[in-house]
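The structures considered in this document are given below.
Two complexes are shown next, each including chain A; its partner changes from chain B in the first to chain C in the second.
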Partner chain A sequence: MAVLGKGNSGNSVLARGLARWLLTREAGLLILLLAVVVLFWILEPSTRQQRVYWDLLREISPNLIAAIGVTMLMLAGEFDLSIGSMLAVTSVTTVVVFNGTDSMWLGVIAGLATGPIVGSIHGYLVTRQKMNSLVTTLGSLFALRGMVYVYTNKTPIVDENGFYDFQDAYYNNLGPAPLPFVLAIILVALSLIVLTQTEFGRNIYAIGGNETAARVSGIKVNLIKFILFVICASSAAISGMILTMQTGTGYFDSGSSGFELIVIAGVVLGGIALSGGKGSLVGTVLGILILGMTAKGLRLMGVNTNMQLMVTGSIMILAVFMHSFHDRISIFRKR
Partner chain B sequence: MLDSSADTSGTGIGKFLTRAAHWLLHTQEGVLFFIVAAIWVFLTIQSPVFFTGRNIGVLLSQVSMTAITAVGMTILLISGEIDASVGSMQAFVGVVVMSVLNSTSNLALGIVVGLAIGVAVGLINSLISLRLGINSLIATLAMLSIVRGAAFGFTEASIQNTHKIPTFTEIGNGFFLGVPWPIIFFFAVFLIFYFVLSRTTFGRFVHAVGANPEAATLAGIPVRLVKMAGFVLTSVLAAFSAIILLSRLNSGQNGIGAGFELEAIGAVLLGGTSLSGGEGSMVGTFLAVLLLGTLKNGIVLLDINSSWQVAVTGLIIIIAVLLDARRRRRLGQD
Partner chain C sequence: MPSVQKPLLQLTGIAKAFPGTKALKGVDFSLRAGEVHALIGENGAGKSTLIKIIAGLYQQDAGTIEVEGKKVAFHSPADSLEHRIKVVYQELDLVPDLSIAENVFLGNLPKKALRAVDWQALYSRTSELLLDLGLDIDPEVPISALTVAQQQLVEIARALSRQAQIIIMDEPTSALSQTEIESLFAVIRRLQGRGVGVMYVSHKLDEIYAIADRVTVFRDGEHIATEAVADTRHKDLVTWMVGREVKDLYPRSPAVRGDVLLEVDSLSGGNIENFSLNVHAGEIVAVFGLMGSGVHNLGRLIFGDMPRAGSVRLSGEEIQAQSPMDAIRKGLGFLTENRKSDGLLLPLSVKDNITLVSVNNYANLMVINGQEERRATTDIIKKLSIKTPGIAQRIRYLSGGNQQKSLVGRWLLEDLKVLMFSEPTRGIDVGSKAEIYRLMDDMAHQGMGILVLSTELPEVMGIADRIIIIRQGKSAGRWISRQEANEQDLMTAATVQMEKVI
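Coming up: the complex of A and B.
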C-alpha cells in the first residue's frame, strides 16, 4: 500500500482508496459473491439469463428485510430467534382480518401491527426483566408458532376475497426491478443512514462494543434495545407480509423450515460479530445474496434440495474463516 | 455448591432443612423442581392415568433421547462452546447404522459405527471451532446443514429394518427388571456425567475453561483439549440418542431430528446453564428435560389439542427464564 501512495495525483489517491477498500470485509464478500455467480455461469447455462437474477432478488427480499432488523439487534449484542415464527403470525393475522373485515388495508395494518406488539414484549422481557434474549426468543419461537398452530388447527387460511392488488404487489415490477426488492433496498438504505449517520446508530455500536461503558457515558441502553427489538420484529412482520402476498394465504408453517437460521447465517457471513459492536449492514446484504445465489444456482442445476444444505454449510464455514483470516491480516498490517 | 451463609442452625436435620429451603428458593434448580412438582401434582389429580408406573415409563422413555444429548451439551456449554449439529446427527447416524445392520446383521458393529460417526463429527466440530477459530455456534450451524445433507446424500428414502435382530429392538423398547432400557441408559449417562462434572479434575477444568479461558491457559489447563473432549462427548452422546431413537422408530429416516437441537439446547439453558460458559448444572438440565417431557405427556393425557404442545413448551421456557431473572435480581439487591 505504501508503494501505491507516494504521489498526490488524483489517480494515486483513487488507487490508494481502492487498495484500502480491497482489504475490507465487504470487498472480500463481493469477490465471493462474484465467484459464486461466475461459477454457476460456467456450470449451469440457465443462469446466463438476466431473468434469473431478477427472480433471485424477488425471492430474497423477505430474507433481506428480516436481516436488517436482526443485524441492528445483533450489533447491540442481542438476538431474536423468533423471526421465523413471526412470519406465520403476520401471515395468519393478515388473512384472518381480510376475511373478517373484507378490507385489504385493515388486514395489512393488522398484520404489520403484530411486529411492534411482539417486539415490545421481547423488549420488555429483556430490558425490564433482564432476561437473556437468546433463550427468551427461543421460547417465543415455540410460543408464537404454537399459538398459530392452535388458532389455525394447522390448516392454511384462504383469502376469501381474493385481493389481487395484494398479490400483485409481490409479482409487479418497478421498471425492471421487482417491487419487493425495491422495498428491501429502500429499507436497507434508510437503515444504513440511521446506523452510520445518526447518534442512534452510533449508540447501537457503542452498546454492542461495551455495554457498561455505554451506560456510564449516559446512553439510554434499555430504551435503545427496546426500540431495536421492535424494529427487528417489525422487519420480520414486513417479510411475513411479502411472503403472504406471494401465496395469498395465511400459512401456519410459514418460516418454519429454519428461516431464522438462514437469516442469521447470512448476517454472520456478512461479518456481524456474535458478540455485537462490529460489522456493517452492507456486509449483511452481501451475505444474504451469497447464500441466496448459492441456493438458487444449485436448485437450477437440479441438485437435490438437501444437498444444497451441505454446500450452504460449507460456504458459511469458508466465509467465517475468511473473516477471521482477514482479522489476522489486519493485525499483522498494523504492526 | 450451596451458599455457606445458609447453614446457620446446629442440628443435622435443621441444617438439612435450611439447605433445602435455600435450594428451593434461591436456585434455578429449585424453581424448576417447584414447577415440575406442581405440574405432577396437578396432573395426578386431573388424570388417573398419569401417576402410574406405565405412564411414567413412557414419559421418561420419550425424553431419554433429548436428555442423553443434553447431558453432553451441558458440559460443552459450561466449557463455553455449543453444538447445534446434534439434530442432524439423529438422521445421519440413524440411516448409516440401519444400513450397516441390514448388510452385516452385526449389532455390535452397527453400534460401533454409529458412535464412531459421533467421534468423527465431534472432532470436525472441534477442528473448525478451535483450530480455524470460528465461533462454535456458527461452525456447528454449518455442520447442522452439512450432516443433514450427508443423511440425504446417503439415502433418498427411509431405510427399513430388514435384519430383524431382536436385541436391536430391545434397545429402545425392551425392559430390564421392569424398567425400560432407554430410562436405564438415560439415568446411567446422567449419573456418570454428574459425577464427572462435580467430582473430577476434568469437571473442574471444564468450569475453569468456560469461566475464563485466559486464566485457565495460564494455570496450565489444556484448554483446547478440554473443549475438544466436550465436542466429542456431545457428538457421541447425540449418536447414542440416535441409536435409541432408531430402535424406537424401527427405520432410519433421513428427515428425523429437525428441531432436536433446539430442544436439547433449550433444556440445558432452561436448566440454568449459562450461554457464556463457566456456570451450569447437570441437575438443572435433568429437571428441565423432565419439565418439557411432562408437559407433552400431560397435554396428551388431558386430551388437549396437540398443537398446544409447541405453544406451552415456549411459554414454559419464557416463564422459567423470567423466574430465574427475577431470582437473580432479588439476590443482587440483597
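Coming up: the complex of A and C.
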C-alpha cells in the first residue's frame, strides 16, 4: 500500500493500480451505470440505438450543470434547495426581457444574471447572518416559486419574437454531440480542474472537512462559501436557460416536479457526503447519469410513472448501500 | 465465603487483529474488587482496542473474559452493561440538551403506572447519587450547563445507577484542572472503598502514582509488565512503554537570542485583560495557566481568530485584527489545542492535511503542481519521521502523535518567524512528545521564535526559556529561566491571588 514505489515491474504496477481503482467509489458507480445500460439493452430493444443515448445526454444536461454547483456547495458542507425554483425564475426573466427589449442577448444576460443575484442573497444570509443554509434555501424554494406564480399568474410567457437561434441551441449538435451536453461537459471539466487542481478547490474540501481548522489556517471561509452559493445558483440559472431553449417559453412551473431533489439524489448517489469534505465531481456525473438512464429506460419500456418512482428509489438505496459497504472496506484497508 | 477471592474481571490471552494489523497479541489483564489498576502504553499499544472488547464493541479473536470467575461472551455493549461494567470514555457520551437526571437514567428511566416516567423518583434518585459523589447540583439542569469535570461525575453517577462493579476510565483527566483532578481522585477512592474495581487508562505517569494500586504496561499489542505501583520507578514505566530509554524528554539547549519577533501589547478580548508579552528569535516562551485561565484564548486572540483590542506586531509590523490570513502572511503560525475539532481535516489525506496552508506555494497560474506538492509532503514526512503507509493515507487512521507531527509539518512548509503551539503534546505518547520538543528546539536554533500555551506544568518547565503565568485572564508573574522557576512557585502563582505573588 506504500505510495513510495517499490520498484515493481511495469505490468504488476499497472495491475495493482487497476485493482486499487476497482475498489474506488467511482469504479463501483461506473459498474452500476454499465449494469443499468446492459439491463435495458436486454429488456428493451429500442435502447439498442445510438440515438437514444445522445437524446439522454441532451435531456440530462440541465441536471448535470445544476449538479456541479450543488456538488461544490455540498463539499463545503452547505446546501441549496432552491435550485428548482431558480429554473423558473431564470426562464420567466429571460422571456420577459425578450419581449420587453426585443433583444435575444439582453434576455439571455438578464436570465443568467438571476443566478448571481439569488446566490449572493443566500451567501449573505448564510455567511454574514449565520443562518442555516438548509432552512434559508428551503425558504427561497417557496419564496421564489411564489414570486414567479404571482408575476405570471400561472400563465406561460410566450416568446413573441420567436428567437429560433435561441431554441436551436438546444436541438443543435456539435458533431454527434448535442450542444447542451457539450456545454455541460465543458463546465464539468473546468469545475473538475478547479476542484482538484487549484487552491480554491482544495479549500472547499478543507472547509467541508473541518471548518475551524480551515479558518485558523488562514482560509477565507466566508468568502469561499459566498462564492459557492453564487456558483450554485448560477449553475441552476444555466440549467434554467437550457430548459427555456427547449420550449421557447417562460414557464412558471419549470423545475417544480422535484428538480432539486433529483439533482441532490444524483449528487448523493455519486458519493458526496452530506457532512461535506468527501466525494468527487466524477461521482456526481455518474450518479446523475445512472438516475437519468434508469428513468429513460423505464420510460422507453412504457413502465408507468409510479413504477418508475419505485425503481429509481430502489437504485438510490442500492447505491447508498454500496457506499456504506465501500466505507467499511476502506476502514479495513486503512486507505 | 472462601478467603481466596476471584478477580472481578479476568482477561486471558486476548487477541484481536484487523486486516493489516494485530492490535492485540494475546494480552492478560485482571481487576480485583476495590482496586485501581492502571493501564498505560503509547498510542497504538492496544489500550483502546482492549477497552472496546470489554465494552462489547469489538469481539476478541482469541482469549477469554471472566467476570467473577465465570466465563462470559460479550456480543454487544448491552451484554457488557449486563455484567455491571461501565466505560467512561474520553469523549463523554452524554446528551447535552437533556437534564442531568435524564442522562443518568438514560435507557433506564424509573416508571410509574402506564409506563409514564416517574419524574419525582428520577430527580430524587439522581440527587442522591450526585450527593454521594460530592456534587451538589440540581438534577434538572441540562448537561450543556456543566463543566467537563461535572459531566464526568454525571457519567460516573450513571455507572452507579446501574450498580456498576467495574468502571473503566479512559484518559479521564485530559480536560480537567488540577483541583478537578483532585476531586475526581477523591471520588475514585470512595468507589474503591465500596469494592468497585476501577481500570484507569492514562498517559500521565504522575497520576498513576497518585491513584493506582497496580499498573500494567502494553506495547505494540503485547503485555509488557504488571507490577505494584509502589515497587515501580518512573523510569521503568517509561522504558517499558517506549521500548527504549528516553534519555532526554526535554532536549532544550540554549540558542542565540536574537531580535524581538513577536510583540503583543495590552491585548484584551474574551476573558483576557491587558496582556503583554514578546518573543525573540531563538527563544521558547511559554504561557502557563490552568483550565479556564484564558491560556487557550490567548492563542486565538494573537492569531486573530477572536475579536481583540490591543496590538500584535511581528518584526515591527502590525498584524490586522481578525485576520488569520494576515498573521500567516506576515509569518505567524498557530497549532490549536484541539487536534480533532480545530486542526485536522479528518476525511482528507495526510498530504492534503500537511499542505493545507502552503498549497498556494505549489501553484502556477492557479493550478497546483501535484508533483511538487507530493515532493514537499514526502520531505516533511521524512524530516519529521511521520509514520504513515503513504501520503494518500487518510489522516484519521494515524496515531495521535503522528497526527500532531503532521500538523507541525503543515506549518513547517510555510516560511514562519513565530510558531504558537497551544497544548503541543496533549494526548500523545511519550516518544512523540520528545520528538515534538526536539522539533521546537530545532526551530528555535534556526532563529524562529516559539510561543507555547500550556496547562501542563512539567512541559512548561522542561522546554521554555521564559515562563509567563496567566491567571483569570491576567498576567500573574514571569520567570526568566528554567533554573529560577520551581514547580511550587509557578503553581502558586497560577492559582493564588495575584496581589500575593507580586
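FYI, the second predicted complex is superposed on the first by the 327 of 335 C-alpha atoms of A that agree within 3 Å, B and C clash if a C-alpha of one lies under 4 Å from a C-alpha of the other, contacts with A are read in each partner's own complex, and residues count from 1 in each chain.
The rule is simple: contacts are C-beta pairs under 8 Å (C-beta built on N, C-alpha and C of every residue); 3 or more make two chains touch, one makes a residue touch a chain.
No experiment lies behind these values; they were computed from the predicted model shown.
Engineer: Could you look at A:198 and tell me whether it touches chain B, chain C, both or neither (first, second, both, neither)?
Structural biologist: second
Engineer: For A:212, select first, second, both or neither according to whether it touches chain B, chain C, the two together, or no partner.
Structural biologist: second
Engineer: Considering only the touch criterion stated at the top, classify A:274 as touching first (chain B), second (chain C), both, or neither.
Structural biologist: first
Engineer: Of the partners chain B and chain C, which touch A:129 in the superposed model: first, second, both, neither?
Structural biologist: first
Engineer: What is the contact status of A:143 with respect to chain B (first) and chain C (second): first, second, both, or neither?
Structural biologist: first
Engineer: Who contacts more of chain A, chain B or chain C?
Structural biologist: Answer, by number of touched residues of chain A: B.
Engineer: For A:220, decide between first (touching chain B), second (touching chain C), both and neither.
Structural biologist: So A:220 only meets chain C here.
Engineer: Taking the superposition as given, does A:156 touch the first partner, chain B, the second, chain C, both, or neither?
Structural biologist: Neither partner.
Engineer: Please work out whether A:116 is in contact with chain B alone, chain C alone, both, or neither, and reply first, second, both or neither.
Structural biologist: In the superposition, A:116 touches no partner, neither chain B nor chain C.
Engineer: Which chain A residues lie in the overlap of the chain B contact set and the chain C contact set?
Structural biologist: Shared contact residues on chain A: none.
Engineer: So in the complex, the part of chain A that touches chain C is made up of which residues?
Structural biologist: Residues 1-4, 193, 197-200, 202, 205-206, 208-210, 212-220, 273, 277-278, 332-335.
Engineer: Help me check something: in the complex, which residues belonging to chain A touch chain B?
Structural biologist: For chain A paired with chain B, touching residues are 125, 129-132, 134-136, 138-147, 149-150, 153-154, 261, 264-265, 268, 274, 304, 306-314, 316-317, 320-321, 324.
Engineer: Can you name the residues of chain B that touch chain A in the complex?
Structural biologist: Residues of chain B touching chain A: 128, 132-135, 137-139, 141-146, 148-153, 156, 254, 262, 265-266, 269-270, 275, 305, 307-318, 321-322, 325-326, 328-329.
Engineer: Would you pull the chain C residues touching chain A in the complex into a rising list?
Structural biologist: 18-21, 303, 305, 324-325, 327-329, 334, 336, 341-348, 352, 355-357, 359-360, 363, 366-368, 370, 378, 389-394, 397, 410
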